[in-house]
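To keep things simple, chains are lettered A, B and C as they appear, and every chain counts its residues starting from 1.
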Amino acid sequence: MERFKFILTRPIQLIPVLLGVSVISFIMVQSIPGDPVRILLGTRATVEVIAKVRAQYGLDEPLWVQYLLFLKNLAQGEFGRSIIFKTPVLDLVGTRIAPTVFLLAYGVLLAVLLALSLAVLSARRRGALPDHLIRLYSTAGLGLPSFWLGIVLLILFSVRLGLFPVSGWGEGFLGHLHYLFLPALSIALALSPILIRNLRASLIVEMESDHVVAARSRGVPEGRIFVRHVLPNALIPTVTLLGVNIGWLIGGTVVVEQVFSVPGLGSLMVSSIFARDYLVVQAITLAFAAAVILTNFVVDIVIVALDPRISL
Amino acid sequence: MTTSLLEVRDLCVTFDTSRGPVRAVRAVAFSLAPAEVMGLVGESGSGKSVSCRALMRLLPPRGVRMSGVALFQGRDILALPEEELRDLRGTELAMIFQNPSSHLNPVMPVGDQIAEPVLVHEGASRRQARARAAELLRQVGIPDPDSQLDRYPHQFSGGMRQRVMIAAALACRPKLLIADEPTTALDVTVQAQILRLLLELRDRSGLAIVLISHNLGVIAQTCDSVSVMYGGRVVERGSKRDVLSRPHHPYTEALIRSQPESAPLGAPLPTIEGQPPAPSELPTGCAFHPRCPYAQPVCVEEAPPLEETQDGRRSACWRWPELAARSGVTP
Amino acid sequence: MILAGLSLQACRRSRIPSALWAGAGLTLFWLLLAVGAPVIAPYDPIAQDLTRTLTGPSLAHPLGTDNFGRDVLSRIIWGTRLDLAMGIIGVAVPFAIGCCIGLIAGYLGGLAEMLLMRILDVTISFPFFVLVIAIISLLGPGLTSFFIAVSLVGWVSYARLVRSQILVLKHMDFVQAARALGYGRLRIMMRHLLPNAVVPAIVFSMSDIVLVILLGSSLSYLGLGAQPPAAEWGVMIAEGQTFMASAWWISFFPGLAIVGLAFGFSLLGDGLAELFGSRE
């Protein structure tokens, strides 16, 4: 348990990072083109109202005071109002989180299943035809655009075969599973090549490692050697890689949500950009940054659980 | 040796490389009685490790060709089907390795690694296997075994890791242990402890041991008999006392002379001239002839057979009678 | 040990990895396509022909035509220019900036290094993709915004790579020797440290090009990068999505082009990694 003490200390270490993230957000809000009060109030506001709001938000104060006010607002969950939806940004973002989280988790799950089965097949039958095909996929697939995959899957399974809906995210858990299958598969197909490459390479290293030879010398059956000795060691670098790629993965989700009109954070972000609804864009950016920090924290916990040699 | 436990005849191992076949082991032969400790000596590249891995059938299946016979209790290990081989490994034959750090699974508690053969071979319950693991740790001299079971290899010292590996190898009470340079990676004091432990285990359970080493001192302390390897062949074999005190092969003689212990104090340490040959570039005839002070034209032409010399000893040298005629090594 | 040695010998026989050859060949193909687009492309990529809209692949139009009757093949060939430029410029600028900053921070240490490390920590917390989108949203859609955004964010990985190399190299004998000979800091940095530290960055830049091409085409698909009627692959895929039920070829072939272009750089990266003996 000693090794898991970082779970308590890490949040303190993250304070500088969180401050940095808030500075970047602040800079973004500051660089919003046009007068922020006009954006906040719309074009029909009177001069008096504008002056009042300026004072209220401290816009006449020096920059560092504005930053402190900004921090205070963040801490209170005050992200301003959306100019399009006329609702508090926080509420708006809140309603859109669930589809995105569901899609991300679904995509990662499919990607891991895909990577695990293909990498194991490839590594165990090295040099055979399946191995060559999987290696081709895992190299050529590095450049697979998830949005294009989404469209190809739509053409095949929705338009031609009518198996899956074209858009939306459905009702209830099973509905989500059904509606989000193609979006999640697009994410998984785009993400899995890099995982397969990494896992295949580390599987091969482990299969030829000394401790596997030693286990074999004790008469441990090959199947058990693979599950108990090869896999647990080979998974460690792949989990790390998955953590490194979480940011990229979130980006992919933004685009895939757009392809399938999933009512999540990504499609809200894109529509807000075109509507110049900057406060929404900024809040979503912050939300995604928080998601990355959180995921990396979780990945660290998993790594420490998998590898007894590591203590953070 | 009528009741031999292991009888190896004509063992050959050839690696297929891009530059053509490389004969790493050439017609190796030896035999081993129950509870006998045999030393296998030679420089690196002499084929001692490869021979032993071939005996355990641990060489990678691709690009390796093996031939010969290795009778273990009447069964030819080299011809066994995969299934039977697996039943034999761990229960009858076991092996420990030079580098205990890399030969233990870093992410598995040592208790599980020791208990694993018991689970696999004897169908024991987890609890029984765990109890056996604790007992084994005690046998190999690890104090407070119950609290050590859940620790991981990196939490042990090198000597302790080697003890853990011995415990795992001996979990199902094998009859033969192949020890591939088990002490080379360890401190001298720890070395002696491990060797003593191996002998204790032999005395207690009648374990036969093949001890691979490049260190004659280790062999002298531990073994009953010795086989000396050079260039993929056994060039001399016999009882430890005979071979180490009155070698019948010039290579053995040179090896003994180059031991630091045998040189007079203050005198320069004699070394064997030249480099041991790479398996891919073996000289013609006797592989030792380029470095041999006794070499004659015949040694370049033709390799001497491993013939019986005296008292059941064997040597592969054309001029062994001259060597045998002198008593002892003259420094 | 012996076994490993023997199998290594087999690998060392061929000096230049085959992945490098294949990658160089494929990349050269795309380069030629980009340079020779005016000559190679059978039609004008932007000229509309409303008499031949949405026709499937045929001899006259091997990859079909889109909703404006534009030849898909010609648009893909012209698109090579944009997508290749996005990848190369989108990596070259961050590469140059990152190497300089990493070099300075690694060699000088102190305040410069501390500042860099804090910026690294923070930037890494943002999803690269999302941060680029956010910056573009402030600057307004378009390729210029794309390049600015990628340069603002992308240098971080290179700075980190070069810095970690410098930290190792700094204490090596040849650098100490150069210092003992009285060479100036600038000379040591440029002549002795940089050439050695830059190798991992070059290997990484190949897979980075793949990511930047994907990012660029994704943003163009979303309408934030290249703008219609530009012949850019992501734009083409977006335009084709409306017609995916009747004219699959409009979206399908540009996607293949992205995969093919990225494949070339992936192979180059693999080959370089093998050549320099570094592993992923």
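The working rule: a contact is a pair of C-beta atoms (placed from the backbone, for glycine too) under 8 Å apart; a residue touches a chain by one contact, two chains touch by 3 or more.
Here the structure is a predicted model, which is why all the values come from computation and not from measurement.
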item	value
Between A-B and A-C, the pair with more C-beta contacts	A-C
Chain separated most widely from subunit A, comparing mean CA positions	B
Intercentroid distance (Cα basis), subunit B paired with subunit A, Å	54
Whole-Å gap between the CA centroids of subunit A and subunit C	22
Subunit A residues counted as touching two or more neighbouring chains	none
Where subunit B touches two or more other chains at once, by residue number	60
Sites on subunit C touched by subunit A in the complex	118-119, 121-122, 124-131, 133-138, 140-141, 207, 210-211, 213-215, 217-218, 221-224, 234, 237, 240-241, 244-245, 248, 251-252, 254-255, 258-263, 265-267, 270, 279-280
Contact set on subunit A toward subunit C in their complex	16-17, 20-21, 23-24, 28, 31-33, 139-149, 151-152, 154-155, 159, 197-198, 201, 246-248, 250-252, 254-255, 258-259, 269-270, 272-274, 278, 281-282, 284-285, 288-289, 291-293
Residues of subunit B that touch subunit A when the two form their complex	56, 58, 60, 86-91, 94-95, 97, 99, 102-108, 113, 116-117, 120-121, 152, 154, 165, 168-169, 171-172
Subunit B contact footprint on subunit A (complex, rising order)	208-211, 213-221, 224, 228-229, 232-233, 236, 306-309
